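We call the chains A, B and C, going by the order they appear; numbering starts again at 1 in every chain.
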């Protein structure tokens, strides 16, 4: 390699093999650090570090009041308790029941609406629909919880309606009922998510090529065939998104349960989020609370990742 | 304005080397075109010169200054992108003046420079529009204007005409040539279109697989391609390439024959480069073939393209080898006809078994 | 849609949609009817009261210290959203345009936080915040929220910057822009729609945030509106008219903003779901 001497470059030439523009590479790395740094630092400080601490606490028996140095090492016993204790297992089961309630009604109703209109909602009616259906997404979940606790009240609209249609014997205080409290809470979640899922599916179906339906019709497809062979495959992505969102919301629910039932009656509507809060701050079992927190995090991942992988595979 | 030197420039992505040691001298004020098929590394080479990518080894000098480690903005280059890369949120005026604004040029002076560029490119009425409101050709002008106001030492063009339609492309080609004359600055231009290369360049650099195949003036490449690749790449229709063998060399004459060739006697190149028994390839430009009643090539026509001023005839030789000839437009040729073609012996090009010109 | 479509029973569709709208609105109406009953009484179902007590709203406003709550929520939003949007925009740009494939794992570190339930870190956050001495201040909500928003926000902004052609970045480099100038003068103006949507989403999430205020801030007047509603319910939960009036006041600000910026909100929420 021949280096031509020149005055302007100034810097002493590196011997061959020359380091290829390392100064610029370093500058670029510095730029990257400068841009990513702030986000990373605050993320590390308030997510990664606490997450690590959660794992650490989950191995301890600690009341959270005394110094942590006084805590006793407890190994995996907290995890064993989470996975064997009847109450905790029921609480985790509650979360999955809620997930079914949060997911199935919005997706089914959303599909019904979407395949019934099968186009973008336009005009004033469309705008009104969108606005109203999105309202529950905009208000605090706590407010939704309060609104529905009043709906479910002995004197509330639900019982009023049942009386009106002659089902007086069915009326009850829904949120205090051991059998119906959990489904009642589930319906609150379904109510919140209904609009979002419906709009996602309507937007999705409007994107399906209309000629596919015409082709299916020419092939002799009946409406249920159209739904089975055109609508469902075309909406796979949107359905996947809906299910992901609703499952995350259900498994990590807290606000609605906290205000609507506070987990009662008994522990019929207690969900992991609420139990973590109670264990850590009321029962002073920080270790157990943290173990439950880690299990909850893993459960969410275990539900969501397969859906995401399935969606990604389809894209490629 | 500046000259430019590349010394053994190499670029690798991981294990794959895409530029395999390019040496190149570009003179001050020269219009140089990098040409080659897609994937040959011509755009990469341009981006290395611009500093948008780091070279893996070697040296790049602009105006006598080693710029390996210099940021793009400090290299004194301006680039026109294939996509034009206009800032969508800025008006044409702001787009063109952006570099000056960054350089903290006073507003009055900036306005003047933008106005001057707009005048040169005849786009004064467009100055207050946004890129989205412009046609492809107009965007092209703005992109060039943005380069002009920076008064760079070297202009870089990355396939600037490939997004335009054919008619516009021809106009812009002429304008670019005019612009080069007017600005008299060093320009490097990347294209895959050999017509653009031939019409615009002072000097063409033919690239293939990251290696320089030949550097030279357009006619030099046309007349004396250094190898089979350049021979096939430059010139349209493509040069006919027929394999053959040297049967005898006799002083100033060489005798060729081959499966597809009748016995041919050609002037032997200087310096005993041919010997009896050598495998060679004979290159014949379609334009050099003429109808001759006693011509050595017997072409059975199966394709005719009458362009008016000339007629492209394609067909096969008795052995089946394909051959293309360009004849006079009024030449009475029919399909499925056998015609005899000949050529000036001096227009024939010979390539050795390795594909290099003899 | 301009091209003809085979419409499947538009009447059925419309009926279904109207039914859904009624179901959606019903809880709001039932709250309103309860809120207008005389305070301290036990209202009954959905009925327009003979003598609507609009004064309940004034009373709820007063007993809940709404002006202080509103101010507190605004302060928390102002402390959280601009900072989170700025950090996320910078990081999204950095991750999309400045990193090499070798540092892709860095992005993964952010992405793994996407599905993280806030409850999973709330316990250690409490002790961390206590350690820093921010317990019971608005900082206890603002700082963790910025951190917790990073996975989604960075993911969101990176997705936007990935869609911006590199040419623009390179053109600005050749025009003489330093990274910082390129960021502010070219990238941020182009990212405005993405930044707007992110801002809307983060505003909603912050305003409606409940868990963090409940755990980290005892004083209702330093909480978000949603967090304060929890305290309000604890105090006035038995007075249903007052509770409903208070709830309606508390959910009003976001609803009003939503009605004004309906289009942007809907777009943001839909995209937010798709990307999240």
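We take it that a contact is a pair of C-beta atoms (placed from the backbone, for glycine too) under 8 Å apart; a residue touches a chain by one contact, two chains touch by 3 or more.
What you see is a predicted model, and the numbers here were worked out from it, not measured in a lab.
Participant: Among all the other chains, which ones are in touch with both chain B and chain C?
Facilitator: A
Participant: Looking at chain pairs A-B and A-C, which one is connected by more C-beta pairs in contact?
Facilitator: Pair with the higher count of C-beta contacts: A-C.
Participant: Report, in whole Å, the distance between the mean C-alpha point of chain A and the mean C-alpha point of chain B.
Facilitator: Using C-alpha averages as centres, the distance is 57 Å.
Participant: Return the distance between the CA-based centres of chain A and chain C, expressed in whole Å.
Facilitator: Inter-chain centre distance comes to 14 Å.
Participant: Could you pull out the residues of chain B that touch at least 2 other chains?
Facilitator: 71
Participant: Within the complex, which stretch of chain C touches chain B?
Facilitator: 165, 167-168, 170-178, 181, 185-186, 189-190
Participant: Can you list the chain A residues touching chain B in their complex?
Facilitator: 1-4, 6, 8-9, 11, 16-18, 20-25, 27
Participant: Which residues of chain B touch chain C in the complex?
Facilitator: Of all residues in chain B, those touching chain C are 50, 52, 71-73, 77-79, 81-83, 85-89, 98-99, 102-103, 146, 150.
Participant: Which chain C residues qualify as touching chain A in the complex?
Facilitator: So the residues of chain C touching chain A come out as 1, 3, 5-10, 12-14, 16-17, 20-21, 23-28, 30-31, 34, 42-46, 86-88, 90-91, 93-95, 98-99, 103, 106, 109-110, 113, 115-128, 143-144, 146-148, 150-151, 153-154, 179, 183, 204, 207-208, 210-211, 214-215, 225-226, 229-230, 233, 240, 243-244, 247, 250-251, 254-255, 258-259, 262, 265-266, 269-270, 273-274, 276.
Participant: Would you tell me which residues of chain A are touching chain C in their complex?
Facilitator: Residues in contact with chain C: 28, 31-32, 34-36, 38-40, 42-51, 53-54, 57, 64, 68, 109, 112-113, 115-120, 122, 125, 127-144, 146-148, 150-151, 153, 155-157, 159-160, 191, 194-196, 198-200, 203, 206, 210, 213-214, 217, 223, 241-242, 244-245, 248, 251-252, 254-255, 258-259, 272-273, 276-277, 280-281, 286, 289-290, 293-294, 296-297, 300-301, 304.
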